[in-house]
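Quick one: this structure, given as structure tokens, is what I'll be asking you about.
Read from first to last, the chains carry the letters A, B, C and D; within each, the first residue is number 1.
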Amino acid sequence: MPHLIIVAEADFNPADLLEQLHVASPSVGAVASFVGVVRGVADHSIEALYIEHYPGMTEAEISRIVDQATQRWDIETVQVYHRVGRLALGERIVWVAVSAPHRGDSFAACEFIMDYLKTRATFWKKECFQESERWVEQCQSDLDKASDWQP
Amino acid sequence: MPHLIIVAEADFNPADLLEQLHVASPSVGAVASFVGVVRGVADHSIEALYIEHYPGMTEAEISRIVDQATQRWDIETVQVYHRVGRLALGERIVWVAVSAPHRGDSFAACEFIMDYLKTRATFWKKECFQESERWVEQCQSDLDKASDWQP
Amino acid sequence: MIVVRFFAALREVLGVDTVSLDADGISCVDDVLSSLSARGDEWRDALSAANLLVAINHAHAHADSPVQDGDEVAIFPPVTGG
Amino acid sequence: MIVVRFFAALREVLGVDTVSLDADGISCVDDVLSSLSARGDEWRDALSAANLLVAINHAHAHADSPVQDGDEVAIFPPVTGG
């Protein structure tokens, strides 16, 4: 079953995506998945995120990182669905799901891909407040987390 | 929002469960989840699993392990839904989902709880073939995996 | 009265899932096992397996854990997950 | 012709998302940056930020990476995830 890689403004339906993975193969025993959600920030009232990306390059890079995960772990099918545009507080941003024979591989590959999306993929994030907005600066803790994966 | 702990024969709906977690709190930015599925085994034709548990003790133990996870990681809400009875190839067995402000905590707690369910909770598994059945023996690799979590 | 419950392969070998024992003369898990083993060779053989686990009132316990009237004791093989 | 694309904060500062450059005299990424910087102070200031990243034809590149006619060059601030 081919991997799914989508970058779009439209929302996704986790149940439909999960259902697609389940029917994939009789050797699948585990599906790890992740949903990222626009989160409020304690010290100021964020209303939305605006997410921009580099069409073409983003998809190509995600495809490369999915290939890396496939070589590194025993996994079957990967789904990556990343939204762009203006996303209000509480809205879904990103979906990553990985099916595998065993749960350890599915968890590791899912977290690896998420860390990549948050630190290396060509997405930029702007925080939107009631009367202002600002581009988010790169976060060192995320960079450190992603470099943990380097062999 | 209270944790959800269910052990039942009935199937669960991942989309409905995810939806419940999403509305939980404006501080939730991450939901890691896991679905375990009855998997075929390469060298013989398994038709179903029969899962038995110790009613009362299972729920009490899961509740304790969820409390442990809550103390160890910054997480919001945990859902554990474990099926019992006869489950055919490809059917869902177990659901674990963890919401948290940040993705690292949600992944770690979700995997911790899954490892616990597979190794310490009072479930027993019987493999059903066309003309025979056999109780599964305890698996050392799962025990090793769970002991990785000990501080 | 002490209620003793069996699970999984042990339940199938014994052909019963619950037994009620008189609490007289029972002060620990080992006493429960002795009482049950006296029921016959099949019981003695099944209950002598080295890897059996025990719980008292839904909490893991040991051979020398105290048991008293009204307790629920469970005896079962190693768990094998879902 | 070389197409140059800008993203996020850099796109907003420059007020444009795409520029087309004549390929004459351009052999590497640094030449692209020099050509753009000659457009005025605002361009020179914005493009001199130390943390800008570059891609050629959707793959990460460096200041001395070769650029040729028909390439798509992208210049952008550090990525900040979704």
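FYI, a residue touches a chain if its C-beta (ideal position, glycine included) is under 8 Å from a C-beta of that chain, and two chains touch if they have at least 3 such contacts.
This one's a predicted model, so the numbers in the text were calculated from it and none came from an experiment.
Any chain that touches chain A and also touches chain D would be listed here, but there is none.
Each step here moves to a touching chain, and the least such steps from chain B to chain C number 1.
Distance between chain C and chain D, defined via averaged C-alpha coordinates, is recorded as 75 Å. Inter-chain centre distance (chain A to chain B, centres taken as mean C-alpha positions): 23 Å. Inter-chain spacing, taken between the CA centroids of chain A and chain C, is 49 Å.
Residues of chain A in contact with at least two other chains: 36, 118.
Applying the touch definition to all chain combinations yields A-B, A-D, B-C. Every residue of chain B that touches chain C in the complex is listed here, in rising order: 36, 51-54, 56-57, 60-61, 82-84, 93-94, 117-126, 135-139, 142.
Here chain A touches chain B in the complex through residues 13-16, 18, 22-23, 26-40, 42, 89-90, 92, 101, 103-104, 106-107, 110-111, 114, 118, 145, going by the rule given at the top.
The touching residues of chain C, counted against chain B in their complex, run 5, 7-9, 11-12, 51, 55, 58-59, 74, 76-82.
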